[in-house]
Structure formats: C-alpha cells, structure tokens
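Take a look at the structures below.
You will see chain A twice below: alongside chain B first, and alongside chain C after that.
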Partner chain A sequence: MVDNKTLQNKAREVISRDDVRRLIGWKRGTFGFEAAPAVIKDPSGADDLIFDATCVNNLASFITLEEKPPVPRGEEPDTRKTAIMVKGCDSRAIVLQLVEKAYERDDVIVLGIPCSGVIDRRKAREMFGDVAGAVEATCEGDKLVCEVGGEKKEVDRKELVMDKCLRCRYPNPVISDELLGDEVEKFADDDFSDVAEFAKKSPADKWAFWDEQFSKCVRCYSCRSVCPMCYCVECVVTNLRPQWTRRSTDISENTAYHLQRAWHLSGRCIECNECERVCPVDIPIMTLNRRMTRDVKELFDYEPGVDVETEPLLASFNPQDPEEFIM
Partner chain B sequence: MGDFKFAREKMADVLSGLGEYQVLAPLMTGGVVRFREVEESDVPVGERGRYDNTVVPPKELMFPETETLFRYQLGGTDINVSEPEGDTGRVVIGIRPCDAQAFAIVDRVFGWDYPDPYYQKRRENTTLVGLACDEPCSNCFCPSVGGGPASEEYLDAIMYNLDDTFYLKTITKKGEELARVLSGVLQEAGDAEKKAAEKQAEEATSRIVRSIDTDGIPEKLPSLYGHPFWEQFSDRCLGCGICTYLCPTCHCFDIQDEVEHFDGRRARMWDTCMFKEYSLHASGHNPRPTRKERTRNRISHKYSYFPLNFDVIACVGCGRCINYCPVNIDILDVLEKSREAEVKEEKPA
Partner chain C sequence: MSEEFEPNIVAFLCNWCSYAGADLAGTSRMHYLPNVKIIRVMCSGRVNPLFLVNALQQGADGVLISGCHPGDCHYLEGNFFARRRFTLMRNLMEHVGVDPGRVNMSWVSASEGAKFQDVVAEVVEKAKEAGPMDQFRRRQLNW
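What follows is the complex of A and B.
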C-alpha cells in the first residue's frame, strides 16, 4: 500500500501544475470507519491526503458531478484538468465514463492506487460498536490493523472488508497515468454464487422480498447521486417537466425507480458498491445490479469498464447476440 | 405528574391496554427500525435489545413522507372532492427526547402565517411517550442545542429502560390521561426507580462526546454568504437527500396532483433543498445553481435563518445527518470551521 508521504508528495506535484485545476483524493473523516473525499485546489491541501482501508468512496463520481453554471460573458471557461485518485474498482468507472464519452481522456489525470480492500462500516459497527473519533486502518497481509480509540486492533481482513473486495478481480487500477504503490495480487474470481443463491427463491418470495425492501425507500436518491455511472444532467426520476416519475413515495413508484435504475445500469454497473453503501435504509441494491451483471456476462460475454477500446454494451450489436429471451 | 412503573414482561399488557388508541412504536421492519403501528404480535425494539434511534425520524408520524390531502373524481360537470378520514387518538411510545423536541421546533412553522391543519391535527391527537436515552450515539450533541438524553420538556410522559423495569413518569395532562387508561397495569414507582432513572440520565449525559458552542453562529453565518468557506464542504456534496430527509426538523414539502383517468388526488410529499429541482424556476433560472449554494442554505437555515426568525436553532443534535452522510459532511465540523472563517470587510466604494 502506498505510504501517505509518497501520496502527498505526488499530489503536491500534480496540483502545482499549471494545467491542473483540482485534485480529488481522500482525507481522514471526522469519525468512524470511512474517510472523506477531499477536493484540493492548491498545494497546501495535499498535506491532508491519505490512503488506507477506510478510503471507501469511489471518487470517479466527482468528475461528472460538478455543476458548471454558465460562464459570464467575456470570460473563458476553465479547461484545466482534474486529477483523481482511484482504487482498482473505481478505475473501471473512469474507463466506462471514457467509453461513453462523458469527457475526454486528456481532461483527467488518473493516479491509480492498488488496493487490498476497504472496510465495510456495517461490519465494523457489528464488530466494534459505535466508536467516537476517526479510525485508521491498514492492510497487512491477511490482517487489517485498525486503530480504534488510540488502541491497535488486529482483525482478519476477510471479516471486515466489503463483500465486493472478497471477490475483487481488479485490485489494481485498469487505467492510470501513474501508479502509486506496488501492484497487489487479486483475491478471488467472481463466481456469482450470491446471485445463484438469490435466484433460487420462488418468484413470489422474490416479489415479497423486494416489496419489503422497496417499501423502506425514502427516495433520497443517494444511490443515484453517488453512482459514477449516473451522470445524466437531467435525470428521468427527478425531472419536473415532463415528469416521468411521481414524487410521492409508495411501493409502486419506489419499485419503478429501483427497477429503472437497475435496467439503466445493466452492462454499465462497474460494481463499486457505492449505491448499497450509502443507502440509509439498507436496501440491498447490489443484489439487483449483480443479477444484471451476471446476465450481461453470460449472455454477451461483456464486462463494462475494463477496456477503453470497447463499445458500450447497449450501443453495440452483434448478429451472433443471443435472442432466446425475445418472444 | 405521576410516577409509575411496570415490569419488562408487562410491555405487551401496556400496549394492549392502550386499546382505544392507535399505538406507534419503533419496530423492526425490513431490517431497519422505524415507527410503525403496533399490531398484536409486534415487539417494540426498545423492549428487547438496545437501539439508539430510528434512521428515519418519527417526524413522519406528523408529517408523512407522502400524504393525500384530498381525492377527486373528474367527469361531466361535477367534480367530487373527498378528504381522507383523520387519525383518531394516537400514542407514540419510545420516541427519543430529541425527536420530540423537533416537533416543538417544526410547530413554529406549521403554526405560523398559515396554520397547517394536517400537521396540527395529528399533533393534537398524539400523546408522546418518550424513551430516555441510555446509550447516546457517538455523534449525538443534544445538550448543545437545548436538549438532553432524558429531556422531558417536549414529552407527555417519559419512560426509562431500567434493568427489568420500565419507570414511567407523566409530564402533561395527556400523559396523566394515559396513565389513567393504564391504571390496571401500572404500579406506583418508588424512590429506587426515581434514583435509578436519575443516575441513568446523568451517565448518559456524561457519555455524550461531541458538542458545539452555538453562541454567535446565527449572526456569523450570513456574513459568510459569498465566502469560499462553503466550498470545502460542498465540493464533496453529492446532492442527495439523506441529510434533509433524515433530519427531524426539516419540513419542506412539495404539492402535486396525481391523476389517473378520472380519478385524482392532491398529495404532498417531502422535498429537499439539496435537490437542484427545489429552487429551479419555471424560466429555467436557478437561484441556487450549484451544491455550494444548496449546502450553504441547509446549514444557514438550521443555524441562522430559523433562529433569527423563530428564536430557536432548528437542530436537535440527533446526529443523523452526520451519521448517514455518504461523504462525511459533518455539521459540527462545518459550524466549528465557520467560527474560524475570516470575513473580509468590504471597503465602501
């Protein structure tokens, strides 16, 4: 894992460049097991940057999230670059954003960081309870060393990292201008056993399950807002004119919203798991996305966000595409 | 004021003893704890096992996520309008003192220039039985904003979860009425329970680690209106609705007509100033064009605009916006840093 000094020095060097406007990395949060995203605009900000197992946020979302009000008459738009730090999983978002032409390759400087897994705050809470103050956590081999309330605690990494990390095939960034730290070995292949397990449920049981889950949704749209692939300027669920989705919360509208989002992400979800992480009411959103991911892989042998030269799945056509599912 | 107690295993009797009321309590539903109507076999979460607070605040009991104001049928020259039946007497059991305090804050808006009959009727019909906090969460800061783990001020009665007993203290007439209804189940509490409750409250207060000195903040924030200060937080804001929807004092709503064929309803639903659509004008102009202005508005509304208008800070220190923000925008951090932000004096032209 990259040490913080090296990371800060690199950040300082990059943000000092004339052609760089901002650099997005992580800094220590004010409490708990999750770091905070940090957007720095001058070299002094680099001192705050860190990388460790608490750096869970996928920062790729921030590239497209920025709102740019019209440039006042007589002024030129600021076209300087955004520099961004990414883990392996996050880097797939950058690849797919580039594939979809969300921006140009030259607009970003990608600082890749090999990653040995990030903490799942829900698992951490189960293990450590509600802790005051920010936690530091570093991976050392199969162990995670967590500094909780000034005390060092060693835990089995498998017990504390997010589920996505346990099946991570891309711990090393798939795109980067510079790699910070040494590459790490991949953990395991994804066998989609969780998807197969869920698929065993009867249609009635699945419906009942999702009915209960979607009923909880308060439609804060945090899953959409955090998603690096949800970057439409106008979103079909919040657009007011025309209004495609009602603003009222009920099982019908909530279901429509979640299914819409799952379909919209089929062949586009890069499995950073951010939607599920941020959900305040614990809806297992990735269970939907993972099913789509598996189907896309099995039917079209397609995996989004690994190669900038591929076409987006839904924008490509192959006469050999399977069509058994078309009536 | 009366002091009562009942044994832990009598909770079911208390709930069934409230037969004439609709009873709402924190229940585990779909993996999260939320205030819901208690059915016969339900066990409130505070009764077995501990919970700190619900994720979605009980503001939804007075101000639902979505509520039908009236329904109508269109057709011919007649329009039939019908209003939903109002709620009858309700008891909310297990509300935390901070969330009850939030009602007292929101009351000022919903009882202001246009009294809100939907909200006010529910408030009148509802008896609030609090549950004193024995384990405040690490981001609680209620004492900084006028509350406390066992604050009685905004409750009709308060319960303390003592080891094998619940100690129930009535505070208002509504609370006394409740004790009268439950007279068959309740016993008189003695000094032992009172002392245990006091001790619990003291210990809980001492375990609260975070705080904010609010002095001067309402006056300071407006002076930071155009200050780059806000960007250090808004730069990482995702623009989702978590902080506002989970806030017990946020009270903004939208009103929409939903029509299918000839049947329609007018409904109101939660809205949030963190969405860009919130302030979007029909012309396309948006006076809060970016998350910077929206972040500034959210914080300023709670800690400046509201106190300047209503003499009370619109925050009860429940910690939800801190706990659930996906990008660690921590309101205490924002307020602390607002103290440090230097206001450059503008020279008169």
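What follows is the complex of A and C.
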C-alpha cells in the first residue's frame, strides 16, 4: 500500500501543473470507518490526502457529477484536466465511462493505487460498535491494524473487508497514468457462488425475499446518485414526461424502480458495491447486479470496464447470441 | 371464482414482420386467442425492456415481444439488439421471482400467420399456468 507521504507529494506535483484544474482524492473522515472524498484545487490541500483501508468511496462518480453551467459570452470554457485517485474497482468505472464516451481520455489524469481491500462499515460496526472519532486502518500482511479511539487493534483482514474485496479480480488499477505503490496480489477468483445459491430458490421464495426488501425502499435514490455509471443528466426515474415510475413508495413502484436500476446497469456494473454501501435501509442491491454480471459473462462472454477498446454490451451484438427462450 | 382465469397478454409486434404476420392470420381467418392485445411498434428494437415492467405493473399477465427473424429486420439489426436486451431482462425478472413464462419473445415473419396463432396459444397457456400477475401490479387507489 502506498504511504501517505508519497501520495501527498504526488498529489502536490499533479495539482501544481498548469493543465490540472482539480484533484479528487480521499481525506480522513469525521467519524467511523469511512474516509471522506476530497476535491482539492491548489497545492495546499494536498496535505490532507490519505489512502488506507477506510477509503471506500468510489471517486469516479465525481468526475461526471460536476454541473456545467453555460459559459458567459466572451469567456472560454475551462478545459483543464481532472486528476483522480482510483483503486482497482474504481478504475474499471473510469474505463467504462471512457468506453461510453462520458469524457475523453485526455480530460483525466488517473492516479492508480493498488488496493488490498477496504473496510465494510457494517462489519466494522458489528465488531467495534459505534465509534466516535475517525479510524485509521493500515494493512499489514494479512492483518488490518485499526486505530480505534487511540487504541491499536489487530484484525484478520478477511473478517473486516467488504465482500467485494474477497472476490476482487482487479485490485490493481486497470487504467492509470501513474501507479502509486506496488502492485498487490488478488485475493481470489470470482466463482459467483452467491448467485448460484440464490438461484436455487423457488420463484415464490425469491419474490418473498424481494417483496420484503423492496418494501423497505424509501426511494431516496442514493444508490443511483452514488453509482459511477449512473451519470445521465436526466434520469429515467425522475423524469415526469414520460413518467416511467410514479413517485409513491409502494411495492409496485419500488419494484419497478429497482428493476429499472438493475436493468440500466446490466453489462455496465463494475461491482464497486457503492449502491449497497450507501443504502440507508440495507437493501442487498448487489444481489441484483451480481446476477446480471454473471449472466453477461456467461451468455455474452463480456466483462465491463476492463478494456477501453470494447464496445458497450447493449450497443453491440453478435449474430450468434444465445436465443433458447425465443419461440 | 368458477370462471377460468383469462390472462391479459400485451404483444409488441414489429411493423414489418410480426404485425403483418398477425394480419395475415386475421385475413386468412385463422382464429387466434383474443387474450392478446397488440401494440404495433416499428421494430422489435424499439421495445424498451421497461415497457415490459410497465405492462406488468398496469395489468398484463404476460408479455410477448415479436420481431422479424434474425437477419430479416427491416432496419437490419434491430432484432439483434432486442434479443440481447430481452435475454437479460428475462433473467432479471426471473431473479426477482417473476415467472419466466410471463416474458416471451418470438420471431414471426410476415408469411407465418399460422406460427403467430401457435405462439399466441403458447403464450396464453404459459400465462395461465403462472396465474394472475399480482406481485407488483399497481393497486388501484380508492379515493
């Protein structure tokens, strides 16, 4: 893992460049096991930046989030670059955004950071309870050393990191202009056993499960807002004409919303787990996305966000695509 | 309820093949089941998978999307895109527990009136098996 000094020096160097407008990174959060995103515009901000196992946020969503008001007459638009720090999974979001031409490759400077897993705040909460101050967590081999309230605690890395990290195939950024720190080994391969397990249920059981989950949804749209791949200026779920989903939070509209969300991410989900992390009512959103990921891989042999040269899955086709269910 | 359940089927037929196929079935006086409500679209590639969710919300018990045979699409490749989309959408529906028999797709060309008849019969049969769609149908508000 990269040490913070190197990271800060690099950030200072990058943000001092004339052609860089802003740099997006992480800084220490205010409490608990999550770092906070930081956007710095001048070199003085670089001292705050950090990287450790608390840096869960996928910063790729911030590149497209910026509002672009019309430029006043007589002024030139600001075309300077955005620099961004990415973990392995975040870098896949960048690749996919490039594939979809959300921006040009020249518009971003990618500072890749090999990552050895980030902390799941839900697991951490079970282990440590509510923590008042910000926690520092460094990775040492197979252990995570967490500084909770001035006390150092060693935990097995496998017990505290997110599930996505346990099956992460791309801990090293797949795209980067500069790599900070040494490359790391991946934990394991993804065998989609969780998806296979869920698929064994009967349709009635599946619906009973989702009925309960979707009923909890308050439609805050956090999962959409945090998703690096949901960057449409006008979103289908908030559109009033045509209105695809009504705004009431009943089971019908909630299901429609979640189907829409999952559908729009099929073949595009890069499994950063952000949707599930931010959900205030703990809906296992990734269970939907994982199924899509598996099917996309099995049926079309496609993996989103690993290669800038590929075409988006649903904007391309193969005449030999499977069609067993078609009459 | 003593009466047999009669499912509502919404069919999205492409203008150039399947709609003409259905038309042929009609003009040659083949009887196809009246459960199916046909919506004409210009191409099966026009059908947004969200139509399907919306149809199920609004009272359909099954959905049929039908287009030209692969390679015969009037717009050359619309049905190839549609095929990918609905393969995925069907799997997604199945994943949340919607009976996969409610989501159907077929290739019916303009000369296949008889095939259209069979397809409709099969779709209705499957929807009958699956029963009324009550999972996430919109509840009518009673003000």
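As a working rule, the second predicted complex is superposed on the first by the 323 of 327 C-alpha atoms of A that agree within 3 Å, B and C clash if a C-alpha of one lies under 4 Å from a C-alpha of the other, contacts with A are read in each partner's own complex, and residues count from 1 in each chain.
Everything below uses one rule, namely that contacts are C-beta pairs under 8 Å (C-beta built on N, C-alpha and C of every residue); 3 or more make two chains touch, one makes a residue touch a chain.
Owing to the predicted nature of the structure, the values given are computational and were not obtained by experimental measurement.
A.B. asks: Scan A:L65 for contacts with chain B and chain C and give back first, second, both or neither.
C.D. replies: It touches chain B, and chain C stays clear.
A.B. asks: State whether A:E212 touches chain B only (first), chain C only (second), both chains, or neither.
C.D. replies: First partner only.
A.B. asks: Name the contact category of A:A38: first (chain B only), second (chain C only), both, or neither.
C.D. replies: It touches chain B, and chain C stays clear.
A.B. asks: Scan A:D250 for contacts with chain B and chain C and give back first, second, both or neither.
C.D. replies: both
A.B. asks: Which partner does A:E183 contact after superposing on A: first (chain B), second (chain C), both, neither?
C.D. replies: neither
A.B. asks: Identify the partner contact of A:L314: answer first if only chain B is touched, second if only chain C is, both if each is, neither if none is.
C.D. replies: The answer is second: A:L314 touches chain C but not chain B.
A.B. asks: Looking at A:V296 after the superposition, I want to know if it touches chain B, chain C, both of them or none. Which is it: first, second, both, neither?
C.D. replies: Only chain C; A:V296 stays clear of chain B.
A.B. asks: State whether A:D3 touches chain B only (first), chain C only (second), both chains, or neither.
C.D. replies: Once the two structures are laid over each other on A, A:D3 reaches no partner at all.
A.B. asks: Can you pull the chain A residues that chain B and chain C both touch?
C.D. replies: Comparing the two interfaces on chain A, one with chain B and one with chain C, the shared residues are 250.
A.B. asks: In their shared complex, at which residues does chain B touch chain A?
C.D. replies: Checking each residue of chain B against chain A gives 29-32, 34, 52, 55-56, 65-66, 137-139, 209-210, 235-236, 238-242, 245-246, 254, 256, 258, 267, 269-272, 275-277, 280, 289-291, 322, 324, 326-328, 330, 332-333.
A.B. asks: What residues on chain A touch chain C, complex-wise?
C.D. replies: Within the complex, chain A touches chain C at residues 198-199, 203-211, 236, 244, 250-253, 255-256, 258-260, 262-263, 266-267, 288, 291-292, 295-296, 299-300, 313-315, 317-319, 321-323, 325-327.
A.B. asks: Under the definition above, what is the set of chain A residues touching chain B in their complex?
C.D. replies: Those residues of chain A that touch chain B are 22, 29-32, 34-39, 57, 61-62, 65, 67, 69, 130-133, 212-213, 215-216, 218-222, 224-226, 238-240, 246-250, 274, 277-278, 280-282.
A.B. asks: Across the complex, what residues on chain C touch chain A?
C.D. replies: Touching chain A: residues 49-50, 53-54, 57, 70-71, 77, 80-81, 83-85, 87-100, 104-107, 119, 122, 135-139 of chain C.
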